[in-house]
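The first chain written gets the first letter, and so on, giving A, B, C and D; residue counts start at 1 in each chain.
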Amino acid sequence: MDILLTDGPVGISVISGLIAKAGSLKDAGGHSLFLGQVRSDVSDNKTVKAIEYSVFEKMAESAAGKIKAIIFSEFSDVRAVEIVHAAGLVQAGEISLFVMISAGHRQQAVDACRKTVELVKQRLPVWKKEIFDDGTQKWQQNI
Amino acid sequence: MDILLTDGPVGISVISGLIAKAGSLKDAGGHSLFLGQVRSDVSDNKTVKAIEYSVFEKMAESAAGKIKAIIFSEFSDVRAVEIVHAAGLVQAGEISLFVMISAGHRQQAVDACRKTVELVKQRLPVWKKEIFDDGTQKWQQNI
Amino acid sequence: MEIEVFFFGVLADVTGIRQKHYNDVGSFADLRHRIEDEFPEIVHYTFRIAVNNEIVNDEPLLSGGDEVALLPPFAGG
Amino acid sequence: MEIEVFFFGVLADVTGIRQKHYNDVGSFADLRHRIEDEFPEIVHYTFRIAVNNEIVNDEPLLSGGDEVALLPPFAGG
């Protein structure tokens, strides 16, 4: 499985489980992680209360597989790539995206993590609708 | 407190607790984390079984405070910096260092995390002795 | 031929549906005209096309049973 | 004056101790000579000096009760 899609936010137990699993990679010296969190942005006097994510699940799996193939081919020191994305409603302060790269040394772990996050934003078939505190909603694009 | 020193490896419960706490930063959009893990390096036909860390605790606190001051002054988007380092024995596959940067947006989170890890390696008064599978030991320097 | 069409993101709101079955589809152009006739608002939105979960160029050759998905710009993360 | 000296990292192994109390210390140079006389191996190692938890230059002015730490190159992470 190349991506885990959670029903609602990416929970702490999923994150803990993946970190604990990485301990079995005895030749890994570092893990670089990125957690994307829903931010209480304010625009036009309205505050983001939550984001609703919709995911094209069948395509997400193959898109994540391609992302991993790119990372493994560009970063020879990378041992493992984990991608978790939320589907459905995620409240402000909750986690919508989790990426973890395990590598022999820290430099490639950090570079590969940054690149994976960019590829996730470009290539993963996911859409988001901001839900404001006044009940209004707005489809949002990545900038 | 500017640094947490754990007795033995940085455990998953410490990591989970800090990640969960970061959810209260409602204006944070991303967290960049680095986990340093003891690697089973092989040299001269010996395999690293564990690393014993010794820490100058009184100085570690002030060194960590200076590191945080540098990060906050260079990265205006950073909301929180967490540094945890192991003291004592850490087995291969266990975590010796945990850094987490919370920021409004991902770019500064990632850049600040990388810089914090470099500063930790340069400035934190910590020493490590590799313990090999044949019982021999060797003080190790950062490369 | 029979084609299953999926509407994602904002297009699910624009059309009011997530999925629709079309019978007697002659070609992709034919399918597109039928969708645009039924949901005229859709022409104001940018989207790409996937056939059977793979993104394709604008005028793909369809086969019976294909799944066509209309994909607004991605916004994950 | 009385000075407490701490040996870190490899220096704790070289000296066999982590901490030692020195009486009647006249100056840092005096302290250094006494340490080197007692632990001659120590001259083969690189280290910096901290006084009261702050790194200082090579010949700090000491006051009674100061804590002096000998710090090999850091190797955290």
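Operating definition for what follows: contacts are C-beta pairs under 8 Å (C-beta built on N, C-alpha and C of every residue); 3 or more make two chains touch, one makes a residue touch a chain.
Note that the coordinates shown come from a computational prediction; the quantities given were computed from them, not determined experimentally.
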Separation of subunit B from subunit D in touching-chain steps, minimised, is 1
Listing by label each chain that touches subunit B and subunit C gives A
Rounded to the nearest Å, the gap separating the Cα centres of subunit A and subunit C is 27
Rounded to the nearest Å, the gap separating the Cα centres of subunit A and subunit D is 49
Note: subunit D sits from subunit C at a C-alpha centroid distance in Å of 75
So, in whole Å, the Cα centroid of subunit A is separated from that of subunit B by 22
Among subunit A residues, those touching two or more other chains are 36, 117
Touching at least 2 other chains, the residues of subunit C are none
Chain-chain contacts, ordered by label, are A-B, A-C, B-D
In the complex, subunit B touches subunit D at residues 36, 53-56, 58-59, 62, 85, 96-97, 117, 120-128, 139-142
Counting only contacts in the complex, subunit C reaches subunit A at residues 6, 8-10, 12-13, 50, 53-54, 69, 71-77
Contacts from subunit B onto subunit A in the complex sit at residues 12, 15-16, 19-20, 22-40, 92-95, 104, 106, 109-110, 113-114, 117
